[in-house]
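Let me begin by handing over the structure; questions about it come next.
The first chain written gets the first letter, and so on, giving A, B, C, D, E and F; residue counts start at 1 in each chain.
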Amino acid sequence: MLLHLCTWPEVEAYLNRSGGIILPIGSTEQHGPTGLIGTDAICAEAIAKGVGEAINGMVCPTINVGMALHHTAFPGTISLRPTTLIQLIRDYITCLAKAGFIKFFFINGHGGNIATLKAAFAETYAHLADLNIANASQVQCQVGNWFMCGSVYKLAKELYGNQEGSHATPSEVALTQYLYPEAIKQAPLADPVSAEHKIYGAADFRRRYPDGRMGSNPALATPEHGKQFYDLAVKELSNAYLEFLNADAKS
Amino acid sequence: MLLHLCTWPEVEAYLNRSGGIILPIGSTEQHGPTGLIGTDAICAEAIAKGVGEAINGMVCPTINVGMALHHTAFPGTISLRPTTLIQLIRDYITCLAKAGFIKFFFINGHGGNIATLKAAFAETYAHLADLNIANASQVQCQVGNWFMCGSVYKLAKELYGNQEGSHATPSEVALTQYLYPEAIKQAPLADPVSAEHKIYGAADFRRRYPDGRMGSNPALATPEHGKQFYDLAVKELSNAYLEFLNADAKS
Amino acid sequence: MLLHLCTWPEVEAYLNRSGGIILPIGSTEQHGPTGLIGTDAICAEAIAKGVGEAINGMVCPTINVGMALHHTAFPGTISLRPTTLIQLIRDYITCLAKAGFIKFFFINGHGGNIATLKAAFAETYAHLADLNIANASQVQCQVGNWFMCGSVYKLAKELYGNQEGSHATPSEVALTQYLYPEAIKQAPLADPVSAEHKIYGAADFRRRYPDGRMGSNPALATPEHGKQFYDLAVKELSNAYLEFLNADAKS
Amino acid sequence: MLLHLCTWPEVEAYLNRSGGIILPIGSTEQHGPTGLIGTDAICAEAIAKGVGEAINGMVCPTINVGMALHHTAFPGTISLRPTTLIQLIRDYITCLAKAGFIKFFFINGHGGNIATLKAAFAETYAHLADLNIANASQVQCQVGNWFMCGSVYKLAKELYGNQEGSHATPSEVALTQYLYPEAIKQAPLADPVSAEHKIYGAADFRRRYPDGRMGSNPALATPEHGKQFYDLAVKELSNAYLEFLNADAKS
Amino acid sequence: MLLHLCTWPEVEAYLNRSGGIILPIGSTEQHGPTGLIGTDAICAEAIAKGVGEAINGMVCPTINVGMALHHTAFPGTISLRPTTLIQLIRDYITCLAKAGFIKFFFINGHGGNIATLKAAFAETYAHLADLNIANASQVQCQVGNWFMCGSVYKLAKELYGNQEGSHATPSEVALTQYLYPEAIKQAPLADPVSAEHKIYGAADFRRRYPDGRMGSNPALATPEHGKQFYDLAVKELSNAYLEFLNADAKS
Amino acid sequence: MLLHLCTWPEVEAYLNRSGGIILPIGSTEQHGPTGLIGTDAICAEAIAKGVGEAINGMVCPTINVGMALHHTAFPGTISLRPTTLIQLIRDYITCLAKAGFIKFFFINGHGGNIATLKAAFAETYAHLADLNIANASQVQCQVGNWFMCGSVYKLAKELYGNQEGSHATPSEVALTQYLYPEAIKQAPLADPVSAEHKIYGAADFRRRYPDGRMGSNPALATPEHGKQFYDLAVKELSNAYLEFLNADAKS
């Protein structure tokens, strides 16, 4: 179920059977010469919808822009500051918790979001505890990073070895190729590309990774790979979500 | 051109020919017993894409959640506080202005966003003026509300008269029916419904408008009407965007 | 009754008969070569006092500085950022609501305040709902813009036609001449002056409207006109305030 | 010169001869059974205008509401939170400093403002240093508390001895009686009243000082005393302002 | 008792006999050519521990960095902005008040902290009043400035006369020499040094006080003096703390 | 070199040879029935001093209170909200970067700080880029978590196996026993204790981990173990710091 395609009475009915919601969060940031700027949001959204269908769960509209300040020296990148993203997450969860949701499962497409999400959860739990909400102390948030799923990681290693890299990776590019075959891009890729993992400020990032890739060779990606990644991620995150929902269920 | 389907070199190339960008902004809020929670975001996004295609302009990912605090007594509504939305808009525009964009055209699907957007623009202009950006003083923001287009308004009056109302209107419901025919909802609608226009806090709103509608009869909506609204809005906002781009062009 | 000339026991007594309060809000900003920098605050304050006398209502001290960032390229202008003004409004209303006030009627002298005020009201309603105040959900805010009163608008059109313009208008200048005849200023006025209505950042504003006026001819103003505007605005806003107080009175 | 009665070209001319400005700041808070809620703003404004006339200096519109959170358990009190007041002061000074003002002399009527004002000055100096303003490092702020003038203090001791107290004092009440003889209030005053000086939260304050006075006997006040206080404060603060303006003038 | 050397059950037991806690707060800022950058934190911490031992009170970990923006033109200085320090103090007190602490005694080593601390207390009282804490209205904060103790001040005058000055004073330097004899520094001291007391922004401060001292001659300091200051401050602040704890005890 | 025991000219001299600084950050939070509330700050501070001595680096005063909101249901815990900690880190780094520091090495004693630190670094890089600081784009921050050092982790596994747990661990308790043998605490420890790793809000945490431990048996700790951990952590983090300093040195 997609929240944006429901009516409010449908949400009310849903809350009678479940307190869980799936929130896709991505980023709008450069992904190298051939990767789509929306890669992280596209992947998170598609997988979240897949999970929602698989286990009949409610899926929130996608948070398209996340924490990508280190990519902002490349045109087209949009980023929230961490403090803005924390307030945004706090606002989302507060609204939904007041309505009765208690289990927030973020399906995340961008490594750079993880730290700020965790900070936001802590800030939000404390905020909710200060309000007069019946279920405040039951609210739980969890992040499921599709690219860190064991099955996804294993396949990426098999297919790409150390050319997977850590940004603008062939695995995420493959997934966008599967989802948007009409937007497969070609461009010459310099070789070799820096394979270090250090991230500081935006100007430093562009100096260090001149075309935006971090040790990756996205030319290896194919739409068929993308489908495989999609299936694996949906399956693994569906299980993770169900486990999250059922935890503490007896207590 | 959809920003999320571009690569950063494509954005760089785009900036050589245009400093304009179209930003759809909606809301995730109750729309009565039969309206979709995502109505405002769905409409803004579709029309923005239509405008982008019509005039070959860049379209930003949709801001799905806006300022809808007054709807938060209905489950499924998510709202940013105005101060959060102001920071979000500031972050979006700052990133894009640093990259070279100067004309920001927001295609808006929700009346409740307008005031906060205007406040955000003022806050952002002043913020940019304090940075060392070459084009800070050229940055201009404008809001195009599709539901306030003259042609849209005229058609709504013709089709629905005073049953158009002011929230969960047949015109916006029609547009979502055209875009998502698979998500047309049926539900009994109480009659008559309050036709006043007063909006205060969330609890007051629900007392005043018990099923979420404000003087509207969305049962009148049809997908065919939706297509008409879509075409009118895309045409009128395309012209508005071009006029905005070309203003001050000679000076 | 002027709040600043009351004692706290008098306020306590007032609250036994009314939960309403009138809050004048203006701006401290350039008003062209002959308009007073305090024009918007002066007008709002005088009319608010007039309304307070007419219907025996409590009048709050004037908020002299509002949202005028677009005028800050002219010396003498002082502006709050929108986020500051939102916090200020939140603080005012929270204090007064805890004391028992529930109907907040802002008499506003500056168009540039409207958007931020509306954003502030939304932010404040949500803030109050999170506190443990008995009357939180009854709090209502409304803006009465004296310059948008139907009777005022009509007279301005009759007297000045399209030389009324939209900033540093003869109508508001006339009102200050009536209130402060000792401060009537003379200066040569360039002709013609830009009559467009576009407002972006401060530097752009000064480029676009070099002497600060927006399409207006304040030389047409007279103190006698000012008295007429004053009487019309007090009468119309007194009625608006009473209507606001009495709305929902039966429910 | 009153800023609100000037035009912007007059301010521009003023800046050619002086970079100084006088900013009255008061409070809107309970002042016992007979003191006016606006006492602190009324006194600060009148004295600031007196100083402005005496030495031909520019006077800013009065900041009517300050930091009075500890008085908020009495109806009619309005307070900014310290963080809001800091932002407000930052906004005022930033606007004025960009226009060329460098010497900010606050004439203060409320002891509770002092700490927050000092914090605000520090915050503002650092903020200005981060902007690209030519005169940022020359900006100086100073607070002149009229009630702490040596001559005022001496007269208060002579007239009232230890019945001067520390809030709702006869000296400040006298000054308001001189300025607003039409608003002299009578009410029975309990005796004795607490003479301690401890201030914590609002509920504690009202428990500790049930009618709002702190060790004072405002029944001793007369309008004639008020005139004496006014004359002394204007004289002493005029000198203080001139000294402030001339300091560092040779360096 | 040092909080950081306690277990939580020990804190729980402590709260059964006392609601008081001592919070040392200093600064990390230049103290002239021979004074330690940590002087204010070192002094506050040592005295707070002494007081804690003397009266068996709980001592919080030291707040090492305070409000020292005016010293930031000298390398090694670290300062919080006032708004950051206010949030920090609010967070400390809120956590401790929820656990049951009600009497917060700050032992302060830096004059520049005082204003912001007072602002923070006001902000915090109001914040606590909005939460649902049983003891919110009993929370009280007080600042004990060791360098303003009567006995300390008297000794400093006796030993150093007007060479005590007001920053990088021989008394505070003496105290750090007593506590850290291994870190006694020697350096030539220019003579005479400015003895004025004006503090504005950081660049201005360094121009005005080129080596960081304000009218002081720290060469007069000895470790033996330091011991005397320590003993006096511990004794006087122990009494002040006990008085603070016992105040209102009967009511 | 300890910053708080230096003078500002010593810092100036240090900056001529190094742009690096070590910042210990801990937490003030419950560590089970026998662990010290200051455990994380104590460990971070001691190891940071050890590293500073080993490689002659500057060590900043310890940030004693970090992000521990999930522990706040136990008395004695103090936590900053993530947004407060982000501002604090931003203030620290901004001051030090303006003075010339560019390499910030945080030695961290608390897992709960990591996410917020990373968010703070991102926020700070972007903030610095907006200032006019020569070295803004060279500023780099890194976190060294002593408890995640390979050598430390290996020893803990050898000594404690799966009784190491993840909070109030024998390894960190051992380190505090080595550093503060006078503060070794004894208390009966329930067995078994929850060994899960889930962390949500504070009330949930206390329900889930009733005595504060997470799967650990701190009774296994000895001061001798503590010395071993200390030596390993100092050695490994000294190397890490040197590597961090030297990275990019050639470019």
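Simple rule for what comes next: a contact is a pair of C-beta atoms (placed from the backbone, for glycine too) under 8 Å apart; a residue touches a chain by one contact, two chains touch by 3 or more.
Note that the structure is predicted; figures quoted are calculated from it, not measured.
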Requested in this report: Determine whether subunit A and subunit F, two copies of the same sequence, contact each other through the same residue numbers or different ones, counting it as same when over half of the numbers at the interface appear on both sides.
Outcome: same
Requested in this report: With contacts defined as at the top, give the pair, D-E or E-F, that has more of them.
Outcome: E-F
Query raised in the report: Among the chains, which is located farthest from subunit B on the basis of C-alpha centroids?
Result: E
Requested in this report: Work out the mean Cα position per chain and let me know which chain is farthest from subunit C.
Outcome: F
Report task. Compute the distance, rounded to whole Å, between the mean C-alpha positions of subunit C and subunit F. Result -> 53
Report task. Averaging only over C-alpha atoms, locate the centres of subunit D and subunit F and give their separation in whole Å. Result -> 46
Report summary line: subunit D to subunit E, mean C-alpha position gap in Å, rounds to 29
**Report entry** Computed distance of Cα centres, subunit F from subunit E, in Å
**Finding:** 24
Query - For subunit C, residues contacting two or more additional chains - result: 72, 81, 83, 130, 132
Query raised in the report: Taking the complex as given, what residues does subunit D use to touch subunit C?
Result: 2-12, 15, 28, 30-38, 41-42, 60-65, 72, 74-81, 83-84, 87-88, 91-92, 95-96, 98-100, 180, 183, 185, 187, 212
Report task. Show which residues of subunit F lie in contact with subunit A when the two form their complex. Result -> 67, 69-70, 72, 81-83, 86, 112, 114-123, 125-126, 128-129, 136-141, 198, 200-204, 247
